[in-house]
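In what comes next, chain A is part of two complexes: it sits with chain B in the first one and with chain C in the second one.
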Partner chain A sequence: MLQTISLFAPQLVLAFFASQLLSTGAFAKKDISVGVRYFAVGVLVLYAVIGFLLGQPTGTAFKGALIVDSYSHYMNFFLGMSAAAALMFSKSFFQTEKLDRFEFSVLVLYCTLGMSIMVSANTLLALYIGIEMQSLALYVMAAFNRDSLRASESGLKYFVLGALSSGLLLYGASLIYGFTGSLEFARIAQVITADGATPGIIAGMVFLLCGLAFKISAAPFHMWTPDVYEGSPTPVTGFFAAAPKFAAMALIARLLVGPFGDITTQWQQVIIVLAVLSMFVGAIGALTQTNIKRLMAYSSIANMGYALVALSAGTQAGVKGMLIFMSIYTITVIGIFACILQMRIRNGMVEQISDLAGLSKTNRGLAIVLTIFMFSVMGIPPLLGFFGKFFAFVPAMEAGLAWLVVIALVASVIGAFYYLRLVKIMWGDENEQEFVQAPKTLRGLAVITALLIFPLLLLPMISIPAQSLISQAAASLF
Partner chain B sequence: MLTVISFYLLAFVAVAAAFMVVAARNPVHSVMYLILTFFSAAGLFILMGAEFLALLLVMVYVGAVAVLFLFVVMMLDVDFVEMKQGFLSYLPIGALVAIVLLLEMLMVGAAYVAGETKTVVVRETGVSNLEAFGQVLYTDYAGIFEAAGFVLLVAMIGAIVLTLRDRDGVRKQDATAQMARTKETGMEMVDIEPGQGIG
Partner chain C sequence: MFEGLPILSAITFIPLAGALALMFVARIWPKGDDQGLERNAPRVALIVSLVVFLLALALTIDFDSADAGFQFVEDTSWLGGGIDYRLGVDGISILFVLLTAFLTPLCILASEKSIKTRMIDYMVAFLILETLMIGTFVALDLILFYLFFEAVLIPMFIIIGVWGGKNRVYASYKFFLYTLLGSVLMLAAILWIYNFSGQQLGAPTTNMERLITELKIPGGIQTWLWLAFFASFAVKMPMWPVHTWLPDAHVEAPTAGSVILAGILLKLGGYGFLRFSLTLFPNASVELAPLIFWMSIIAIIYTSLVAYRQNDIKKLIAYSSVAHMGFVTMGIFTFNLQGIQGGIYQMLSHGIISGALFFCVGVIYDRMHTREIAFYGGLVKRMPVYAAFLMLFTMANVGLPGTSGFVGEILTMVGAYQVSPWIAAGAALGMILSAMYALHLYREVIFGEQTNEKLDDILDMNRREVLILAPLAILTIVLGVYPSLITDITSASVENLIANFNAATAVAGN
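So, the complex of A and B:
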């Protein structure tokens, strides 16, 4: 009992405080959304570090339904921190748009609880419950601006397609249960080792992967992404692009090397198809976009492709590469959205890329920070984005998938065009329009993440422990 | 023999009723056919010895979901007749997709039948389904059960966040205030002179 509590301290912290904040907010006489937000940020940080404070306990609980290992500790840390950052940068947006309600913070907490169940899932049932908890909170957050037609549309679209993907996922799970006789990952792996890849198991696995591909918006399951990114309130889009993607990717990695570890050749094809399609749909689709949120949507599709390239190697180095790539991508995305949220003129938010014209003259600081991020996602060497792609592509190379790496590099070059276009608009074009002074939290977040991307994480006293942490996390899956 | 006859009867009714759900012109009839489909499926469950699931299906889907559908259909002012116009013209392409899916499932099923059989769940003798559920629901599956509760809570929060509006000028019933009324606050003694009236 006590062991279970110490293992699941992160989830318990989230569940307990989320419910406390919910009832406090519901019975409060006046609006307490500001206090709830700060408290929720504190809870998320506590959730992120508590696994490390307790000395990284490992084991399973609830009869093997959930597993806690170095992998889930690392993921909890990253998910908690990125959710906390997203919650912080939502503050000024919701306050100026007069949308601020305490339920938003509570939903972020429940969403993170769902994600933490996803990354510790050890049975198909826990996997489904985690995904559903996370997705339900996300649907509501997408439509949080309920008086806006576009937000409601994006919420509804996300909900309908999410329900469809849950259907695919459940169908796959039921096939796997039917053919292996168990929901537990360990038992499924045993049966697959004994029987080999029967058609039923492969069919189930493909359906399961399709359902999960929806969640990471890998092509050809990416249709919802641009519309939902564009329609949702901007801080929610920033949240979407960071933590939930990472959680779903981590879950895919756990599935692939855990229960399906013995049929690598079978799932490798699926992952490679998803990766190639995502990279090209993302790179080519982004070329014609004029809205920066849509651009980010296509950029995230392409980046999911790169992360899948790392996973397609099917090795421990591949999982490590995926973790490094996704960690750096998450930091970058949070920084970029902290910048996008600063795009506010006197009449309200603007989202067009052309609105950035002449930014180097009107707001030099923002222009420099955004340029750093753009060069980082492109993968220009001294910036962290380069190392992300490096660690993602090398394992695929070692696994004999050189052609896939070549395709990935071609896609990166195509993608570099629209990032460079953004830089050119900021530094080259003329425009009279000036953004209003952004609040301190946003500027602070943008600068902190830019520093993280730029030189800070390369310092040996940070990069060596971080690398060993990630290697340990990847090793705990095998 | 009786089992086989009832299986085919129930299965036929289920498929036919499911077809009628999409084919019926009147939406209320559609919901009625949906209820019939659920009942037939429940019958199939009983034939398989899963009486608890059958009861659950009837209670949850017929008792709650289908009735909710009926309410929605009757309350929404949607011209379903117009919406369904030409709906059956999609039948050929729908049938094609259905046949492809059926063939795929048959293939998977055939591969399964060709292989050795496996028992999915080891059934203890002398334990009813309900007891079997009870033995694991709050023990082995306690964590998942609680998490499922949180999923429902999130759905509830979502429904409230997206639809509840505080409108001004609406008189709300405050039960505590009602209960806290005393003789002094709720009643005023007026001494009226004879022949004067009030006011």
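So, the complex of A and C:
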């Protein structure tokens, strides 16, 4: 009992405080949203580090439904930190839009709880519960601005397509159950090792992957992404561009190398197709976008493609490459959204790329930070985005997928064009308007993430321990 | 002199530190005194770049030219997994470091008056650019090299895109995307090598010294890797037919941007061929040398002809740069001492001469704001000093004996003659054509009747401009009459390179 508690301390912290905050908020006489927000940030940080504070215990619990290993510790840390960052940058937005309700913080906590179950899932049932818990919170958050037509539309769209993907996922899970007789990952792996890849199992696996591809918005399951990104309140977009993507990607990795570890050749094809399509859909789709949130949607589609390139290797190095890539991408996305949230003129938020014109003259600091992020997602060294791609592509090269690496690199050149356009607009065009002074939290968050991208994480005293931590996390899956 | 000191790191990162200091000062500077800031920014940048130049000079003096290996080596662990922070110079790279450190202060001096907006940003971009260029030449790790090599695009994109001419957006995009596409193919090859070194050497590494001496890449794959590196270097160089970004970039870039572009950035390609293609893929280099020769000869003749037909002075010089880079590639791929020495010599001398020519264009552009050849004429009466300087550099560009341009061209042709007289003949034809367009330019701009009234009150060069061009003029002549100043430094490393190369190709020949 005590051991289970120490294993699941992160999840327990989240579940306990989320429920507490919800009931406190429900019965409070006055608006306590500010207090709840700060408390929730504290809870998320505690959630992020508690696994490390307890000395990274490992093991399974609840009759093997959930597993705790270095991998889940690493993921908890990242998910907690990025959710905390998202909560921080949502503050000023909701306050100025007069939308600040304590439920938002509680929803973020529940969503994070769902994600932490996802990354610890050890049976198909736990996997499904985690995904649904996370998604339901996200649907509500997408429609959080309930008076806005666009937000309601995006919430509904997200919900309908999410339900469809859950259906696919459940169908796949039921097929797997039917053909292996078990929901446990370990047992499924045993059956597959014994029986080989029977058609039923392959069909089930493909359905599972399709359902999960919805969650990471990999092409051809990406259709919802641009609309939902555009319609949702900006901090919500920033939240679900970062942590949930990473969690779903981590879940895919656990699923692929765990239960399906013996049929690498079968799932490799699926992953490669998803990767190639995502990279090109993302790169080409973004070319004509004028809304910066839609642009980020396509950018995330393309970046999921790069992460899948790393996974397609099917090796430990591949998982490590995916973790490095997604970690860097998550930091970058948080930074970019901290910048986008600063795009406010006197009449309210603006979202057009052309609104950034002449930013380097009116707001130099923001222009420099955003330029760093743009060159980083482009993958230009010495910024960290380059190293993300480097570590993502090396394993694919090792696995003999040189052609896939070349395709990925060519797609990244196409993608460079639209990031460059942003840089050009900021530095080259004449300005028409000035943004209002952004609150300190946003500016601070943007600068901190920019420093992480360049150059703090490149210092050897940080990069080497970080790498060994990630290697350890990846190794624990095998 | 520099025992135990991280002198290469210092030379590399002092400009970056200067850039950061400049940004910091700009932040704390009292509001409302923007003019003082704009006035002082170039001075700070100038001092920083002069310190770098003096250090680079001291480094060159301290350099032991008898030692063919890498000197002043620094080696610190960096990213793990065999990717480390390694710096070092040998006879091939040290002169490029010196050239970079030499041209940057001149560029800053030249920009002081010609840049009208955002002086601080400009200086910051320039200092960062200097760090990245020097870093490219001193990096001894494949990943570190790629990092610097590619990062150069960022400040250059901003310099062209912000301070460029009318069509700057198109030019900066074209520059960026062209070079990026070339570079990512090289990145794919680097990834392959990194992975392959893990299989062959036990642990993956990107240590250049180890890769050069220990890695044996099988024949068929060498060709592919060579082509991938070639894609990057050929675009940077630029070689015909992927040279088309260069005239656009040159025309739109501000004067100092053009100088750096022609003086240093183009040399990254040639340096890359020497450092990587010849050492890592010797057999593929032999196999594909005919391709290089053809492309070089076409570049020399074709772009010379194109240069002759240009109306824009900068474009003409840009095309002539492509032709001169043809000599460089031709020299490098002869694989003999004269050819490679000539290639290096030609790169250094072209860095000085083309830089000087772009400065010369800047002088009249600052006054008249046009680069149309037809606009000018008869400048010799109004600007005698200018005419004299331009004469010297035009002649050096043609390759007149006594100027540095001659040494490089004759050495590469001697090298090429040993491979095939026909190649040398083609290159010689190019020399004649270069005289044709260069003298055409000089005649149209300097001589003839002055028909344009607007030129009536054009002033001759001022002291600052003379100060910029005089060192370049002196170097052009000194290197023209005393070539061993350079060849003494390079010869040991080049001989070593050729010895390794011959050993590698001889083994494969059996």
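Rule of thumb we're sticking to: the second predicted complex is superposed on the first by the 478 of 478 C-alpha atoms of A that agree within 3 Å, B and C clash if a C-alpha of one lies under 4 Å from a C-alpha of the other, contacts with A are read in each partner's own complex, and residues count from 1 in each chain.
Quick note on the criterion: a residue touches a chain if its C-beta (ideal position, glycine included) is under 8 Å from a C-beta of that chain, and two chains touch if they have at least 3 such contacts.
Bear in mind the structure is a predicted one, so any value in this text is a computation, not a measurement.
**Q** On chain A, which partner touches more residues: chain B or chain C?
**A** B
**Q** With the two complexes superposed on chain A, say which partner A:Y177 touches: chain B (first), chain C (second), both, or neither.
**A** first
**Q** Which partner does A:P199 contact after superposing on A: first (chain B), second (chain C), both, neither?
**A** In the superposition, A:P199 contacts chain B only.
**Q** Is A:I464 in contact with chain B, with chain C, with both, or with neither (first, second, both, neither)?
**A** second
**Q** If you stack the two complexes on chain A, which partner ends up touching A:L287: first (chain B), second (chain C), both, or neither?
**A** neither
**Q** So in the superposed three-chain picture, is A:A402 touching just chain B, just chain C, both, or none of them (first/second/both/neither)?
**A** A:A402 contacts chain C only, not chain B.
**Q** Name the contact category of A:I345: first (chain B only), second (chain C only), both, or neither.
**A** neither
**Q** Across the two complexes, find the residues of chain A that touch chain B and also touch chain C.
**A** none
**Q** Once bound in the complex, which stretches of chain C touch chain A?
**A** 76-81, 85, 118, 121, 143, 146-148, 150-151, 153-154, 157-158, 161-162, 168-169, 172-173, 176-177, 180-181, 184-185, 187-188, 191-192, 194-195, 198
**Q** Which positions of chain A touch chain C when the two form their complex?
**A** The touching residues are 360-361, 375, 380-382, 386-387, 390, 393-394, 397-398, 402, 405-406, 409-410, 412-413, 416-417, 420, 423-424, 427-428, 458, 460, 463-464, 467-468.
**Q** Help me check something: in the complex, which residues belonging to chain B touch chain A?
**A** 104, 107-108, 111-112, 115, 118-121, 139-144, 146-148, 150-151, 153-155, 157-158, 160-163
**Q** Spell out the residues on chain A that touch chain B in their complex, using ranges where they run on.
**A** Answer in residue numbers: 8, 15, 19, 22, 61-63, 65-66, 101, 103, 106-107, 110, 113-114, 117, 123, 125-126, 129-130, 132-133, 136-137, 139-140, 143-144, 146, 155, 175, 177-179, 181, 195, 198-200, 203.
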